[in-house]
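What follows is a set of structures to go through.
Consider the two complexes below, in which chain A is the common component and chain B and chain C are the respective partners.
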Partner chain A sequence: MVYTHKHPALLIMGGIFLLIGILVGTGALDGLIAYLHAGKYKGEMIWLGYILGVIGIVFGAWHLWGRHEEGDLDYYGSTVAGAIFIMLVAMIIRWFVAPYVAVLSKALGPVMGAKYLHQVLGLNYVVLGILAGIIITNTIGVPMWARNGVRLSRLGLKTGVILLGTLYSLAELQQLGKLSVVLIGFFVLGSVGLVLLLGRLRGLPNSMTGVLSAGMGVCGVSATVAASPVVKAKPVEIAYTIGTILLWGVGCMFLFPIIGNMLDMGYVQFGAWAGTGILNSAQVAGAALAYQPDGIETLKVAEIFNITRVLFLPIIVLWLALWFVKREEGNERVNVFQVIFQKFPIFVLGFILMFALSSTGIFAPPQHYKGKYFDNNIPESKLLKPEEVAVLKAEFDKVKQAKPEYAPALQRLIENRKIMSREDDALIRGLNNAKIMSKKANKLLKKAHKAVRHTAKKIKKFRQWITLLFAFGLTGLGMQITMAAIRQAGGQPLVVGGIVGTVKAVLSLIVILLFVHETI
Partner chain B sequence: MSEKKPMANGSSNGDETQTIDIHEEDGFRYHRGSALSIFSSDRTEDFMALVLALLIALGVYLFVD
Partner chain C sequence: MNATLLSPRRILLASHGTPGARAAEEAALALAEEAAAAIVLLYVVPDFWRGMRGDDWLNNVVTQQAFGDYLENELLREARKEVRRVAGEAERRGIAMEIRAMFGRPDACLLSAVAETNPDLVMIGAPRPKGVPGYRSRMKPESLMRALPCPLIVVPNPLASQKNP
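Our next item is the complex of A and B:
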């Protein structure tokens, strides 16, 4: 079968990207960009416009006029059209549609405290991109020439997750890792157990219960597919599970950010909640980026939880295999090591490799904190002003009495109007997290910390790549979510899945609000 | 890489738009909904993601100051 379609679409899309790059580069769209407050995307519009434009035109010409024969070149070459299609939808939304939605929303005035409607509803480029994908596939449909390329989305997401490894420091990984193992361990094992119990009580076949528990408990569709052979799930049972997961996962992806904004959750809290409570891995990333579209701190937290969940997959598959063998007569014994080896997610090793590389200091000065390195050679404008120093001076005695270990670092900050060393910076962060000073003083501590922390250019570039890979992956993900797939949900599996999904979402929210704080 | 995943062709319930995620197993057709891939296995996709990430990292290391 020949996969490449002789269609001018790719050529046209390449032309559109090139036109955007040229118009923005020559200043022809300056008025529109200023109206949309989209100046921060100007650089991206130019370089991405040119690169994707050239790729689209070159490959588009080949697709339209080249000879195509069955083979690897044809199969993989055909994906370019779909990939450029996804990028066109994603970037038009990121550069123009989402900023326009923000302009309209701001014109209505704040609706909840200081927040505007688009902020409360999370109508940013991430959510709009996913929505656009869902609308496209369920109305006009993804064009045939783009379908193979749409299947690249998950590759984009996995690559983004691996690259995220460059942004963590050891301290962050340790703290987030410990938190995620405890929370995920409890909720994954608890969800799986609850589905198995409810499935038995409601008289579902063991194969149905088994595959549903993997999907609801671990990481959605991937876990469903991974567990289906060991519980001998029938295709109709896989279909039911996928329908249930998608219904909940897509619903939570849009609902979680709204609730998070209403509760004014911090990045760590929301990332932990999304990573624990949302069923499908891709929807976790979607919700995290929807909550914080202009930064990736929430995504970093959520992905640690995602990775921990994925690491539980071999354990859960093993549990289900042993559980199924025990319940069903006549089944062969399970080879434990084979199951673990086959189900271990390799891309997690890639994430660890990137983290290890980053720790050597090849991408940024070592001992960075949240991707930022310490350098206190700062201009006068970044030093604390005399009136700001006075605020800190007035509360110095309070700190000396309550937390004397922080006093010397605070003293040096007051004397020099800036943080003097990496060690002092850690102490000032600790003092800020201790929350013994006033809100105003804590804001000044944060300001002093930010003044001496700088993002290395390489780390900035990685952040940009990660943002674009996730925008690509999530918009493409939207194009894979068909109403037909969601309509597969039904009957007892939907009831069991619904109960477990709701319990997990609500209980994890309560636990996180009570025990997780923004001190990581 | 000669193993391939076939593209979704044909229609389900006469609706061409909903066929992008059709999967057939034991004669039963259902919608995958997500987790579609151009590779034949998750392992292959994981390795390709790793290769792509390493290429991007190399590019950033070499060309970004």
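Our next item is the complex of A and C:
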């Protein structure tokens, strides 16, 4: 079979990217960019516009006029059209649509405290990208010439997670790892157990209970896919389960950021909640980026939870396999090694490798540990101004009473108008995350932190690539969520899934609000 | 003799084993027996299965392949079971039967099967009543009525009379 379609679409898309690069590069779009407040994307529009433009035009010409024969070149070459198609949708939304939504939303004025409607609803390039993907696939459909390449979105997400490994410090990974193992362990095992119990009480077949418990407990559709053959789920049971999970997942992706904004949750809290409470792993990343589109802290937390979940997957599948064999007659014995080996997520090894490489300082000079380094030798313009110092002074007593451990660092900041040491920087960051002070004061703490904390260039690039890879991956995954699949949600799985999903989301929210603080 | 509504020569029966479809099967077999007609049995695997891997991205290729193979085998097993059951009943009653299995949108597949087999009559079961579990992949009667070149009989779903006696 020949996969390449003789179609001008790729050539045209390459032309569009190139045109964007040229227009932005020559300043022809400056007025539009200023109106959209999209200046931060200007550099990206130029270099990405040129790169994707050239790739699109070269491969587009080959697709349209070249000779294609069955083989690897045809198979892999055909994916370029789908990949560029996803990038075009994702980047048009990131550069133009999402900023325009923000302009419209700001015109309406704040709707919740100082927050605008698009911030409350999390309507940024990630959510809009997923939405665009869902709309495309359920209306005009993903074009035939793009179908092979759209599947690359999975590779994009996995690569994004692997690169994310470069951004953690050992201390972060230890703390987040412990937290995620405790929370995920409790809620995964708890929800698997609850589904098994409810299934027995409601008289569901073992195969349906088994597949539903994996989906509800571990990582949504991925767990359903992994567990279905093991518990011999019937097609109708698979359809019900996946439909229910997709319905919940898409709903939660919109609902969680709204609740997070209403409760004014910190990044660690929200990342932990999304990583525990959202059933489907793709929507965990979506919700994290929806909550914090211009930073990566929430995603970092949420992805550690995602990775912990996926590491639990082989164990849960094994548990379900043994559980199923015990209850059903005539089943083969479970090959423990085979289950663990086949279900092990190999990309997690890539994440660990990147973390290990980054820890050696390969991506930044040795003194710039983790690519971030402390240097308070800063110009006068970056020091806090006297009126800003006055704001911090006014709230000093509040800090002394509520969190006395932060007071000395704050005192030194007030005296010197800048953070004086690495240790003080950690404390000021903790004070900011603790949200004891007013919003104005917290902004000043952030400003003081940013003045002395610098990011290595390579790490900055990694952050940019990670954001782009997640935007690419999530938009592409949106193109694979069909309403026909969501419509299959129903029957007992919808009832049991609804109960377990709600219990898990609410309970995990309470636990996180009570016990998780912004000190990581 | 020309075929009429009550004495067709070839009936296209769309069935997938649900109570509604079984009612249509029974009606079609009875009519075919009486009118000495042949039956074309259409079994459709709905195309929503194409999107059933949804947004899974965590699994490796081995797991995804295992899921795909398992699902395909299960759907095939279900299809074989249903087709054998109806074909066995037709054989028992001495009715000639031709079998068509398709993958796609149910109404589009039915129209395509009608174009290929040229039946005098199409028989389907009525959609199940609301609240009754099952796949959500219904025929769209309006598009069928607009496009069908022959009469269409929709056999009432037995569950409807149980819900609204």
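In this section, the second predicted complex is superposed on the first by the 445 of 520 C-alpha atoms of A that agree within 3 Å, B and C clash if a C-alpha of one lies under 4 Å from a C-alpha of the other, contacts with A are read in each partner's own complex, and residues count from 1 in each chain.
Keep in mind that, in the parts below, a contact is a pair of C-beta atoms (placed from the backbone, for glycine too) under 8 Å apart; a residue touches a chain by one contact, two chains touch by 3 or more.
Everything quoted here is computed from the prediction, not taken from an experiment.
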| request: Put chain B and chain C onto chain A via the superposition and say whether they clash or fit. | output: clash
| said: Tell me the contact category for A:107 with respect to chain B and chain C: first, second, both or neither. | reply: neither
| field | First, second, both or neither for A:514, with chain B first and chain C second | value | neither
| message | By the touch definition at the top of the document, which applies to A:491: first (chain B), second (chain C), both, or neither? | response | second
| query | Is A:142 touching the first partner chain B, the second partner chain C, both, or neither of them? | reply | first
| query | Hey, is it chain B or chain C that touches more of chain A? | reply | B
| task | Name the contact category of A:346: first (chain B only), second (chain C only), both, or neither. | result | both
| task | Could you tell me if A:201 is touching chain B, chain C, both of them or neither one (first, second, both, neither)? | result | neither
| said: Under the stated touch criterion, which partner chain does A:229 make contact with: chain B (first), chain C (second), both, or neither? | reply: second
| Does the superposition put A:239 against chain B (first), chain C (second), both, or neither? | both
| request: For A:473, select first, second, both or neither according to whether it touches chain B, chain C, the two together, or no partner. | output: second
| Taking the contacts chain A makes with chain B in one complex and with chain C in the other, which residues are shared? | 137, 153-154, 158, 220-222, 225-226, 234-236, 238-239, 242, 245-246, 280, 282, 345-347, 477, 480-482, 484-485, 488
| remark: Seen from chain A, its contact residues with chain B in the complex are 1, 3, 72, 75-76, 79, 137-142, 144, 147-148, 150-155, 158-159, 161-163, 166, 220-222, 225-226, 234-236, 238-239, 242-243, 245-246, 280, 282, 345-347, 349-350, 353-354, 357, 362-363, 457-458, 461-462, 465, 477, 479-486, 488
| said: Can you tell me which positions in chain A touch chain C when the two form their complex? | reply: 137, 153-154, 157-158, 219-222, 224-226, 228-229, 234-236, 238-240, 242, 245-246, 249, 280-283, 306, 310, 313, 342-347, 473, 477-478, 480-482, 484-485, 487-488, 490-492
| query | Can you name the residues of chain C that touch chain A in the complex? | reply | 46-60, 62-64, 66-67, 70-71, 74-75, 78, 133-137
| Contact footprint of chain A on chain B as seen in their complex | 1-2, 4-8, 12-13, 15-21, 25-26, 28, 30-39, 42-43, 45-50, 52-53, 56-57, 60-61, 64-65
